[in-house]
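These are the structures in question, set out in turn.
First chain A sits with chain B, and in the next complex the same chain sits with chain C.
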Partner chain A sequence: MKKYQYWLILVALIIILVIVPKPLEISPTASVIVTILLGLALIWVLVLTIRGHLIGRRVVFLFIGASLALPFFMNFEMPFKISPEVKTLYDALAKLPPGSKVLAAFDYDPPSAPELQPQADAFMAYAFKHDLKVIIMGLWPQGPQQADMAVAKALRQPEIRAKNLRYGVDYVNLGFQSGNEFVIQRMGTSFSGMFPRDIYNTDYNKIPILNGVENFSNIDFVFNLSSGYPGTVEWVQIAVDRYGVKLGAGNTAVQAPSVYPYLSSRRLTGLAGGMSGAWQFELATQEPGKASTYVLPQTFSHTVVIAFIIIGNAALIVGYRRSKRGEA
Partner chain B sequence: MKREIPLIITFVAGVAFVLQYFIPHYPFNRFNDIFSDWFAIVGAFAIWLGALSLIKLCLLNISKKSHDWPISLLMIISFLSIVIAGAIDGFHGLNTVPTTSFRDPGTNFDWLYQNIYTPLSSTMFAILAFFVASASYRAFRARNTAATLLLLSAFFVMIGRVPLGDYLSGWLPERMQFSQWANWLMAFPNTAGQRAVMIGIALGTVSTSLRIILGIERSHLEG
Partner chain C sequence: MDGAVIGIWLAALLTLGIMSFVYRDNLYYKICEAIFIGISAGYWFITFFWDSLYRIAWIGIVHEGRYVLLGGVILGAMMLMRLFGKIGWIARWPLAFIVGATAGLKMMVYFTTNAMAQIHDTVYDTVTAFSGGDLYNLIGRLVILLGTVTGLIYFYFSKEHKGIFGGVAKVGTWFLMITFGASFGYTVMSRMSLLLGRIEFLLTDWLKLVK
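So, the complex of A and B:
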């Protein structure tokens, strides 16, 4: 394919995404047809590769772009299974009686939001519906802002709005504090030492929800959303190991493998990892949101990546055979 | 004295932190509070230092008209825009009743955050999907046993982490389905590998920390 053809396809995709009215959902039959066409195109690439025509990376980009964009308009029923780590996270939340104080640590920024914001939205809605008292903080400067977005979204739900929740009484945002893991360490002895005021400059001692909250011993559960340092690892190493906090976490897919050792040692109560973890967490809490939409594009893109791994290995075998023939 | 004072501070802070961990009683438990407060204050200053250093670097790039200087100019404009928007909203919020925050919906800062910062930073991260796919196509090749194991692990985790895995393997007994393979890979081989890395890092951290506290390792004082 020539360079301008790639540009034409890219422009066509952008036009489809911008002009087509939303929400647009094509029928299940059309979805199946589009999927079959995508599959046939991949088989065509495989045949080309076996014949010795290696494809360039632009073709890979094109397939990934299509596999991420097209499923947004598709209509498929997805089989789902909640993983053990997400189930334990949900079970830990479900065991909390109404009025329990939950510390929600938002340690991420917008680049990680596609994976973590759906978890934040589901958590906040679940917490408000079940009368949990939520204390928000962030070790990342953007964290409290992400939390505000989740709170605002939850408060728009009619069921939650009907509860007439009040800032300072049912939830509070303590904002960002610099100092990374030292913030957690200091909170072990005094929350007010690290957060003397909330984001509205209200004195810690004048916030009703924080009455009697001196340190971690007054917190029933910590829910950490993390995409790196400082994050879940630091919360486990300091808050859990030293102060005996009960911790559940939501991580990006990149970070999740590094906290699995804490799951098997029960330092971490539960984990929702990546987009699929977010989707399962939404299903477990019965708060379907963006992850339920995003999981289909992720399924398609994973499939395309697997297909290209197979194609890449076909190219390897073809090359190996050719070099053998050349030697002969 | 230029070297001795930082070495003394490092030694005192390091020993105090070790003591407060193992002796959680007065006066050692106070060390934790004092040093954590100091660290938070130093951390807050470091943010300013980093920001000012970045601005200085960008101004130098602009004044010298060095390569990509318009990007430096854009950086300064972006930096000042969000700082000024946040400051105006923040000061305005302090004078209203009830007090509002610069982060509240509808503020200038929130508009910049929602409509410029979030889409731009998300886009940068999203581009990774394309490069990961391209890299997988070229890197995951069964050249030898280790590469084949890596390839198979990647296959099972990728297929098992999306609903398609269970859709395709739904006819198999539950413990043989792709999601169970992915769970097993993450819970056992991955955990074992991560633990080995963690233990290695911990031993390295302890030895390096001891060398720094005792003043044997002094490279952090250079430059």
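So, the complex of A and C:
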């Protein structure tokens, strides 16, 4: 294929996508047919590979793209089961009486938003509906901005809007503080020392929700959303082990394996890991959001990745046998 | 056309530009990459300027008289000395301070949290699992104990990995492989989520194909 032909296909695709009726949704029967076609295409690739015709990397990208995009239009019900780690996270939140002060540490930035923002949205809506007082902070510069988005989304819900929640009284955003784990360490003795003002430059002592909040001993629960360093590991090491904080966390899938040991030793109350954790957290809090939409495309893409691992291994075995035959 | 629409189109075109790399390296991708790096660097600079230098240092020292913050400002200024060839050595002092403070804190927390506490809980949970009556939990705890011990033996290099010792180390290798596999699986899952976020943006916000 010539170079300009690829561009023509791309332009045609964009034109089709622009003129197609919106929103586009395909029936359950059509969804099944599309899934079967995708499966057959993968089997065809496997057969080609076994017969010695190796496919190019662009075909793999095409399959991944299709497996991520097509399920958005499909009508499938996903079977769900809430894992013990998400259940314990939810249980810890559910046990908090109205008026409890929850410190929400937003330690991530926009690239991790697909996994963590649904958790932030669900947490914020749940906290506001159950009259928890939320104190927001971030060890990542963009974390508090992500928190603002979750707050704005929660406040748009009629049930929450009816509560007339007030900034400074029901929730506050202390903003970002540089210093990584040293910030947590210092907060163990003085919150105001690390956050003398909130994001609107209001003095710490003039914010009603922070009255009597001197250090971690005045906080009932810490909820940490983390995508790396500094994050949940540092919160466990310092806030939990040194100051006895009760901590629940939502993590990106990359980080989750490094946090699981803390869960089994009960240093972490609960954990929502990756997209599946976010989805389960939404289900547990009964706040369906983007993770519920994302879970089907992710399931499809994982299936395709597994299929290509099998195909890749088939190619390896075929190549090995061929080279052996060649040697003989 | 309002600002939001322009923003969405801009974001969509930049997303497609970055995605075009899967076809091959090209000029469109390079432009998008340069824009991303430039904006990221600018964003970080502005964030630290307003959050650290202005909000903490300037207001803290000038308006609130917290002169203890001067120590941090001086150390920060010393760090910039590396930009000047002859007096570049001055930057080593604040660097030594950072390394020393971080090492002091990390050494302590890693030893207490990641070593002592984890060892305690591994042993304690295994012992209590025997009296708990929950077979599923007991098996799980024994697997964790086995993985911990064999994993540690694999990293014991003072004795040659032969005979029974070598066999146990081999079991440790298998545990490590399973751990790396799980970790890799989670990484793939995370990368898929990032791509998913962009595809959802293109389909929902840009093309309005999804509700």
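In this text, the second predicted complex is superposed on the first by the 305 of 328 C-alpha atoms of A that agree within 3 Å, B and C clash if a C-alpha of one lies under 4 Å from a C-alpha of the other, contacts with A are read in each partner's own complex, and residues count from 1 in each chain.
The rule is simple: a contact is a pair of C-beta atoms (placed from the backbone, for glycine too) under 8 Å apart; a residue touches a chain by one contact, two chains touch by 3 or more.
Note that the coordinates shown come from a computational prediction; the quantities given were computed from them, not determined experimentally.
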First, second, both or neither for A:R325, with chain B first and chain C second: neither
Touching partner for A:R267 - first (chain B), second (chain C), both, neither: second
First, second, both or neither for A:G312, with chain B first and chain C second: first
Which superposed partner A:Y200 touches (first chain B, second chain C, both, neither): first
Contacts of A:K290 with chain B and chain C, given as first, second, both or neither: second
Touching partner for A:K2 - first (chain B), second (chain C), both, neither: neither
Touched partner set for A:V236, first chain B, second chain C, both or neither: second
First (chain B), second (chain C), both or neither touched by A:P114: both
Which of chain B and chain C A:S178 touches, first, second, both or neither: both
Shared chain A contacts, counted only where both chain B and chain C touch the same residue: 61, 64-65, 68, 111-114, 177-178, 182, 185, 201, 242, 253, 256-257, 261, 264, 274, 276, 298, 301-302, 305
Complex interface listing, chain C residues touching chain A: 22-23, 43-44, 47-48, 51-52, 55-56, 59-60, 64, 101, 105-106, 109-110, 112-114, 117-118, 121-122, 125, 144, 179, 182-183, 186-190, 192-197, 199-200, 203-204, 207-211
Residue ranges of chain A in contact with chain C within the complex: 6, 17-18, 20, 22-25, 58, 61, 64-65, 68-69, 72-73, 111-115, 141, 175-178, 181-182, 185, 196-197, 201, 236-238, 241-242, 252-254, 256-257, 261, 264-267, 273-276, 290, 293-294, 297-298, 301-302, 305
Parts of chain B lying in touch with chain A, wherever the complex brings them together: 21, 29, 32-33, 35-37, 39-40, 43-44, 46-47, 93-94, 98-101, 103-105, 110, 113, 117-118, 121-122, 124-126, 129-130, 132-134, 136-138, 140-143, 151, 154-155, 158-159, 161-164, 166-167, 170, 177, 179, 183, 186-187, 190-191, 194-195, 198
Sites on chain A touched by chain B in the complex: 57, 60-61, 63-65, 68, 78-81, 83-84, 109-114, 142, 144-145, 148, 152, 173, 177-180, 182-183, 185-186, 188-190, 193-194, 199-202, 242, 253, 256-258, 260-261, 263-264, 274, 276, 295, 298-299, 301-306, 308-309, 311-313, 316
